[in-house]
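Handing you a structure now.
As written, the chain order gives the labels A, B, C and D, with residue 1 at the start of each chain.
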Amino acid sequence: MKIGFIGLGNMGAPMAANLLKAGHALMVFDLNETAVGGIAAQGAAKAASIAAAVTDVELVITMLPASQHVKAVYLGEGGVLASVKPGVPLVDSSTIDPATVKEVAEAAEAKGNPFADAPVSGGTGGARAGTLTFMVGAKSGLFATVLAQMGKNIVHCGPAGTGQVAKICNNMILGISMIAVSEAMTLGETLGIDPKVLAGVINTSSGRCWSLDTYNPFPGVIEAAPASRGYTGGFAADLMLKDLGLATQAARSVKQSVVLGALAEQFYQAMCGHGGLDFSAVINMYRKEGRR
Amino acid sequence: MKIGFIGLGNMGAPMAANLLKAGHALMVFDLNETAVGGIAAQGAAKAASIAAAVTDVELVITMLPASQHVKAVYLGEGGVLASVKPGVPLVDSSTIDPATVKEVAEAAEAKGNPFADAPVSGGTGGARAGTLTFMVGAKSGLFATVLAQMGKNIVHCGPAGTGQVAKICNNMILGISMIAVSEAMTLGETLGIDPKVLAGVINTSSGRCWSLDTYNPFPGVIEAAPASRGYTGGFAADLMLKDLGLATQAARSVKQSVVLGALAEQFYQAMCGHGGLDFSAVINMYRKEGRR
Amino acid sequence: MKIGFIGLGNMGAPMAANLLKAGHALMVFDLNETAVGGIAAQGAAKAASIAAAVTDVELVITMLPASQHVKAVYLGEGGVLASVKPGVPLVDSSTIDPATVKEVAEAAEAKGNPFADAPVSGGTGGARAGTLTFMVGAKSGLFATVLAQMGKNIVHCGPAGTGQVAKICNNMILGISMIAVSEAMTLGETLGIDPKVLAGVINTSSGRCWSLDTYNPFPGVIEAAPASRGYTGGFAADLMLKDLGLATQAARSVKQSVVLGALAEQFYQAMCGHGGLDFSAVINMYRKEGRR
Amino acid sequence: MKIGFIGLGNMGAPMAANLLKAGHALMVFDLNETAVGGIAAQGAAKAASIAAAVTDVELVITMLPASQHVKAVYLGEGGVLASVKPGVPLVDSSTIDPATVKEVAEAAEAKGNPFADAPVSGGTGGARAGTLTFMVGAKSGLFATVLAQMGKNIVHCGPAGTGQVAKICNNMILGISMIAVSEAMTLGETLGIDPKVLAGVINTSSGRCWSLDTYNPFPGVIEAAPASRGYTGGFAADLMLKDLGLATQAARSVKQSVVLGALAEQFYQAMCGHGGLDFSAVINMYRKEGRR
């Protein structure tokens, strides 16, 4: 399929590379020349502008940093909607607020272009390995005909916007449970139980969760976790902070309180200065040696 | 094996019944005549006093409501330590604070009786079905020779007291994650995603946890969960409140902060008046219809 | 002085009326015809547009609901900056985020118009009585020559934007302390001390604060407080919610954590459905009869 | 008046000294010989035991560290109740939980001794200067005849136990408001307003409180505050932690939730390692240089 791909950042570049490997033809655009060069070297065609990238394609995929970029790329002068042919499906994989999705989706439908939000989870590792999970908000028809073929871990969450809702809710639970596990692992150690034994017991009981059994924040409990390599190379606390910001903002928009979600946002904010570390380093707010 | 069993409450009675089924001989004691009668009818011998229940046995098991009862039963006049033969192992399955365990364990060891704390998880259902998980704090020797044979879900957590530590830490994560899931499920519904779809997506992602995939607080998501039968017949909010009280008390004793743990305790406290409901009813603090 | 006044809501209308009483000539504009008619009846001249209201005046004052309105009125087509004479001072009394103030202030200065943000505290009662406190962010010169004469309770907080900062910080403390006082008054009553006696003791001790000695949330403690008249006619919880939203948003913009501020925001959010009540009604989240 | 005085710690010693200055005759007892020697040098008579200190006096005053000491001194073998003459009033100025007060008060009344709890606020400075505030729980008669003459800042809070309730509620508001002020002062500074100006504005507005206008945690805002001398020589964070522990414990005993109170307790707990500093040093959890 001929795809216009916009946004070649840490996540976008490997996603584009996998689409090439899968045999699709790509017209790519990004303000970053180096990023464009890298993917062009793998067989993609360079587009000189957004317009050029989307004018003559069967599908448009975008992967951008934040809401304002999505608005600009789709609604701006010389943007996607001004240039794409009616009927061509538009898929945005950025993680942004549901309100912006609704705004862009309505503008797209008005022009005759079906729109889907498809934020991903799995990080840069998953993007490279092609094992990302896509949480998709789209009309059933679009989902069945196009999106379902984009990969194996693709979940249909409902109409446009629900992909973001699913991701926001998932990451809010994740951000909170990581702090809960940090408190429990630290308390347990201080009370004299071996951290590995403690994790083992809880893993078979009602406290089990991904933050404990797969991504334990206590160093040495899980060899493959960032905690066992100085909290490097995982999901940066600053990104968790961004997602929790989207969660509290979305909650505000519907007048829903999220007490632990808001508290968790402030905790990751308090890590400022260490925001580049994996978010599981939040345990250092509790561990005495961590605090020093 | 000849066992002295003290404490025939909701948990103790079915535990005793299973020991009888397993072929053990029981000398039982409880202030509640009816409870004693019930288990006697299944083949246990009635003891007229704590002393009578433990004087001539090979193992003593106790299952009591709280720390003060454990102290009284073991250390009081005519209590277990005053009557049991030296060398007989003592196993307390009550859920109490680790400090009390240490006090009783030291008094027991001083008299030549190995002591183990073995709190359980699995609720009254698990007690009846004989599928409880025992979190055991005991010397390795005692564990290997006696406790390991008591059932299949038995975990050795370390020396005396660590059984309680494991249970406290597990339930603290459980109490917090249930609130986190309540916020996320409610936010998702308010933002327009189907609760069952949302739970399905998160179950395959990094937000997955027991509170979401097994015990979801949103009505109708999981048929077998208390939320789907009016929050009845599960783990009462008042019991979660008790366990979180043990967690914050233990944290205080070692000068360790547990911010979310303390917050969760206050949330379950705020349910007062509904404390008999399953703890997952905490979601009603967030759901509009729930609040009315 | 000839003043262009834009925004005749609950706060703006009485402010304009007081300026008329003080002998100033007013050109007024608002989309609400009724509001315009009301103030015109008191001697103000009706302007048909923003442009008409500011073209020929010595000072411009605006009082608007939120950031987007301030941006539109000042920066929009046919807005204040497009129509006002260079050199004319501009004063915005809206309560908005400091970032928007900076943006508008820079645009104004670029056009040669000194800009001041001057949010008020004192509520509609203070607006009518002319006893509002103005928290002013402006260049010293502008403050001395113009603003200092606008009334008696006028504080210079620093350069443009600092007026909003002062108000946001004040209201964040206010929102938190009202919850703290609610917890303490409720706990004290439950523990058996007379609420009036309790308030009296704390008023002479280190727990004293405006929420306790002037605006006590416990019914009957202070006759003049909203709590003694069913939480009506005070500072609506929804307005406190708005201000706490500005506080957490401003904190996010500078990567500063505000844990209690964020928590308080969620508490007032949880009052949804009762948001029209005075914010001190937050005590009903703690009082048993309140909860029923 | 002939007074038996037990407990000569940092608070007790200066209190005893002031009673001597006021012309009272003292029989003093403390396990610390040095403390006894110091007060004896000022004219007090040394008692060899608790019994000796209370057998032949008209009034007994005690000032002890915690609940267990109060129980031991009053109810223990050779304790106050075993030795004092019926009718002699007993006044305990320790800060302890209301439940213990009730237990001791009932035992005292049963023996014919009127009992009062009279915790103080004002710190060691106030104790030396004789300017302490006594929060008194006692029968009206006892209060009028004896306690009202002990000094000028004496408040009658109600029956026995209410003195502790008043102190606990006051200090809970204090502990929370200090954190609220810390967040607001730090946020304001980060947003660019001068801390002294900010404090000045809030002092005249609805955010004013003792933590801001008398004991501001921001260095340099108030010269006399511990913040301006490295957080030394004030009210230690560990003592605030103790009082918040009493508050959450009392709340638990009456099934009342205190969300911010419990959160504040955890924050002061997190200062562990710096617990000797004044409690206003909690602001360092928010200030970047403080955190380093």
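One rule holds in what follows: a residue touches a chain if its C-beta (ideal position, glycine included) is under 8 Å from a C-beta of that chain, and two chains touch if they have at least 3 such contacts.
If you're wondering where the values come from, they're calculated on a predicted model, not measured in any experiment.
Common partners of subunit B and subunit C, by the touch rule above, are A, D. To fit its Cα atoms onto subunit B, subunit A must turn through 180 degrees, a value rounded to the nearest 5. Two copies of one chain, subunit C and subunit D, form a contact in which over half of the residue numbers belong to both partners. Distance between Cα centroids is largest for the pairing of subunit D with A.
Separation between the centroids of subunit B and subunit D, computed from CA atoms only, is 38 Å. Our note on geometry: subunit A versus subunit C, Cα centroid distance of 38 Å, whole angstroms. Those residues of subunit D in touch with two or more other chains are numbered 251, 256-259, 263, 267, 270, 272, 286. Subunit A meets subunit B in the complex at residues 98, 121, 133, 135, 153, 155-159, 161-162, 165-166, 168-174, 176-177, 179-181, 183-188, 190-194, 197-198, 200-202, 204-212, 214-215, 247, 250-251, 254, 256-261, 263, 267, 286. Interface residues of subunit B facing subunit D in the complex, by the touch rule stated above, are 245, 248, 251-252, 255-259, 262-263, 265-267, 269-270, 272.
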